[in-house]
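You will see two complexes here that share chain A, one where it goes with chain B and one where it goes with chain C.
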Partner chain A sequence: MAAGSAFALVGANGAGKTTTIKLLMNILQPDRGSATIFGVDSRRLSPRELAKIGYVSENQKLPSALTLNEYLAYLRPFYPTWDKDLERTVLKLFRLPADRKISQLSHGNRMKAALSCALCYHPQLLVLDEPFNGLDPLIRDEFMDGILRQADQMTVFISTHDLADIETFATDIAFLNEGQLLFQESMESLMGRFRSICITLDDDATPINAPPHWLNIRRSGSVVAFTHSRFKNDDLAEELAAMGVVYRHLDVESVNLRTVFTSSARAAVEMAQGDCK
Partner chain B sequence: MSLLKLKLKPGEPIFDQIVFAATKAFVSGEYASGQAFPSVRTLAAELRIHPNTAQKIIQHLIREGFLEALPGVGTVVSDLPAAPPGNRRKLLKDQVTALVVEALRIGASSSEVHSAIDETWQDLSPIEEIQRETLAKNR
Partner chain C sequence: MILHILRKDWKLLWRPFLAFAFIQVLPTLLHKGSEASNQLEFLIFPATVVAMIAIVLMVIAVVQQDALPGLTQDWLIRPIRRADLLAAKLLFVGIVQLTILAADTLQIFTRGFSFREALPGALAHNLYFGVILTLPAMCVAAVTETLVEAVIACAAVFLVGISIDVFAVFLHGGSEYLRRPSGTSGIDWMGNYAGQSILICTTFFVLWTQYSRRSTSVSRVITVSGVICFSLCLFLPWQLCFALQEKLSPQPAAAASVALDLTSLSIDKSPTVERSGAPLDATHLLLQFAATGMPEHSVLKNDRSAIRLITSQGEQIYTTEGGNWILKKDATTGNKDTIKQGFFVPAKIMQRLSGEPFRVEVSSSLTLLSRSGQYFIAAQNGALQNHNVGRCQTLSGRSGAAIILRCVRPGNGNSCIHTVLQNPLTGHQVDSLPGWCTPDYSPGLERASRDPLSSFGETFFFHDPLSGTTFPTDEANLLRSQISISTFEPTAHFHRVESLPVSAIF
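Our next item is the complex of A and B:
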């Protein structure tokens, strides 16, 4: 993960996102391998490093008997970089009732409260585990605005299974599928290399010997549709010519993040099945 | 300030969408020469995009000659950069080919396409005359 990036870890429920984050935060110990944050092994994170990390999870435990004001007062001394002006700004931005007991807050307000606690000390790394689960669109926008205000001063690591939430925000993206990292790259290069392609062939008998980077191929008569995963603007005609494909019509459309993930996941499943055969 | 109200479409690269919307705002005169352009922070907050992306977009617009970074002032809109004639012809040809292919696909007639072009032209060029003058001068 590059410093200053907004790194999204994406995958279905059960893919291993929370486990990855818990390993990073030293909540779980790795059986094999290691994780490093700020150049320090996650098993040796000291309070000095932890004071530079903000962590917000959908299942975050907050002291329910305290009010948010009391909780913030409790946290302040632990963080040398705590910014009281920022605290006021964030509470106002989130419209949080800081004098009410945390147990009386709605889920949305509790998530905003957890984020406030993490933002006020200018973390260099903000780790968010499925932060958008169960948030209504209005609260989600507020939550996002809170992160964006400081996004140029920190690295953000966010796990989610909801792609629409991060499509405009993430600068880098990694896809975890059943514990395996399928890819990790910048949003720009990822969105650049996936295209939805539709070819109308000259006749409906020509067999197509598709390369493995053509995903999710569907054919009906002379029409072949697929998701190209190594698209380059000027290369497609050449690729088709090299394959001996003669076509009447060619349609190239950009795809959304959702299509990138569904076709990659499907291809991964097919490949695993192919290996078993 | 319709640029800041831009609704990002899922699927198309954010960068391209915003650069296109900005270019549209420059050629239509919505952002006139000398006017202040939104800062990285404003652009990021209003469009809900990462500041890194906003930064890249502004850098790109500066490189393309649409914007100028003035130290201590911020980023302001430049005079419209004139495309070299060869470049212009090639760009037009590519875009027109795409348009005609689409028109043939949906069965639109040549005159329908022409009136659609005229209409959009009207919408987008309130300062058409000034632009023509600028281009003539730069030639």
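Our next item is the complex of A and C:
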């Protein structure tokens, strides 16, 4: 991950996103392999590195019997960079009842409380593990607003399967499927190489031997629709000609991140099933 | 940061802590209350048990404020040094221990002892609870995430311990707890100390593993291993333990003159033989010994006897344990004392022995105790207080048929106490023999104590229907009567083997 980037780790439920993050944060120990944060092996993360990392997870257990104010007061001495002005700003932005016990906060407010506890010390890296789960749209917006205000000062690592929220925010993206990293690239590059293609063939009996980078292929008579995962503007006509495909009409449309994700996920599943067979 | 973490825990736990502190004082309050009304007395024992449970729950709550297993605790991703966290927990547990110490001191204090007298007993009890309750509770709390998990783990630990205990009992003959290798004698401190050392080591390793590596599965294996090893301390072999105890004798030469002579073996036809644990068809046999060479004012205690029946061909056909006995030597007894020791022999063995000569061999593990003090207290409304026996008082039994002696002292009591109700002028006396003797042979100045206070008592009936002795109950006699309290401490542990050829048994 490049410093200053907003890196999104996407994948279906059970893909291994949370496990990856817990390995990075030294909450889990890897069976094999290693990970580094700030150049330090994740298994040897010390308070010095942890003081530079903010972490928010959907199932994070804050001390429920304390009020948010009490908990913030508890955390302050652990972070040399704690900013009390920022703390006031964040609490105001999130409109949090800071003198109420954490156990009495709603799920949305608890998530905002967790984010408050992660932002007030200007972390160099903010790790967000499925932060939007169970949040209503209004709270999501507030949550994102809180992150975006500081996004230029830190690297953000977010794991989610909620793609709409990260589409405009992430600079880099990685796709995890059943513990395997299928791809990792910049958002710009990813969105540039995925297109939704619709071809109307001259002859509806023309067989098509689709290459593996054509994903999610649907055919209805002479109309063939698919998601192209290696799209280059000038190359498509050549590619079709090389395959002997004669067409009457060709439609090329940009896709959203959701389409990229679902097409890739389906292709991965089909590939896995093919391997099994 | 240690104090900072401690302050956070205090903020979260001060209410449960106050409840815990009240529960610790509750037995003392109930005891005070029971002085005014006996109706409260039955609550003292349950309150003591609740106080022990409260210690365990309090310690678990302290550790689990920042639980070690699990993946969702917030502290895991905070820049908190684990050594600081552990130190903060230990500090809070120290406060828990201090509270127990204060409650125990108060309990002893309210029984009429000075602060200076109360403190050693309270410390001994504190040390004991620290090792057998607080440390294991810390260990369990460190490998569990929630209170429910911890309670289930405690129950499992308890069940494993009980299962091994029951197994140990069956391994040593079935029904009797008395047959444990080191139990019911002053030597069982070895098993206890070994077990407690294992608890300390287990807790140390678990806390170190959890706070340094957070390796819960490894820690759980260590915990279970510790519990099993702790329970296995019941299996310490007697011979080994007693051999070590002999080496620890304060004055081994004191027993050099003591001799036991096995004089006879006969069938006990008394109808009052207690048969607990013995087969219904078993015969109760009586061995008779003559003991010589005991120093004046001493007590000889049989810690354990192994009895073997051996045929004339040298085949050992039966082995068992003899009943325990205790023998006191003072100015009133002669130079030669007789001891009877009973044991059961199954009908099958008796059949085999009938009409055949055989040999009985008795291997006795013995302890000689010497008088460490003698004190006198008036038989009626008497009061006595000293460091050795604590606070004693005498009172008349409700029916007027007896005099009751009650003594209480901080910490552990004396090893052996012998009391006699006597009128020195008339020579009338009621002897409490065999007396009160639950010795503890452990070395050390102040032994770890199960209770902050220890007590003993004796009831002297004016008329004993079995022996037919009667103590005069006229006022003049009772006014001049006194109770002599002799305390005894072990001086030598030794071993004797006696053998007796038997041509026929009747």
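As a convention for this text, the second predicted complex is superposed on the first by the 277 of 277 C-alpha atoms of A that agree within 3 Å, B and C clash if a C-alpha of one lies under 4 Å from a C-alpha of the other, contacts with A are read in each partner's own complex, and residues count from 1 in each chain.
The definition used in the following text is that contacts are C-beta pairs under 8 Å (C-beta built on N, C-alpha and C of every residue); 3 or more make two chains touch, one makes a residue touch a chain.
Please read all numbers here as calculations on a predicted model, not as lab measurements.
In the superposition on chain A, A:M1 makes contact with neither chain B nor chain C.
Once the two complexes are overlaid on the shared chain, A:T171 sits against chain B while remaining clear of chain C. In the overlay built on the shared chain, the residue A:R149 is in contact with chain B alone; chain C does not reach it. Touch criterion not met for A:C198: it reaches neither chain B nor chain C. Of the two partner chains, neither chain B nor chain C is touched by A:V40. When the two complexes are overlaid on their common chain A, residue A:F78 makes contact with chain C while staying clear of chain B. By the touch criterion stated above, A:L257 is placed in contact with chain B alone, chain C being left untouched. Of the residues of chain A, not a single one touches chain B in one of the two structures and chain C in the other. Here chain C touches chain A in the complex through residues 1, 4, 8, 11-12, 65, 71-74, 76-81, 215, going by the rule given at the top. The touching residues of chain A, counted against chain C in their complex, run 22, 25-29, 46-48, 50-51, 53, 55, 57, 59-63, 65-66, 70, 74-75, 77-79, 114, 117. Residues of chain B that touch chain A in their complex: 8, 10-15, 40-41, 44-45, 47-53.
Those residues of chain A that touch chain B in the complex are listed here as 4-6, 141, 144-145, 148-149, 151-152, 164, 167-171, 187-188, 191-192, 254-259.
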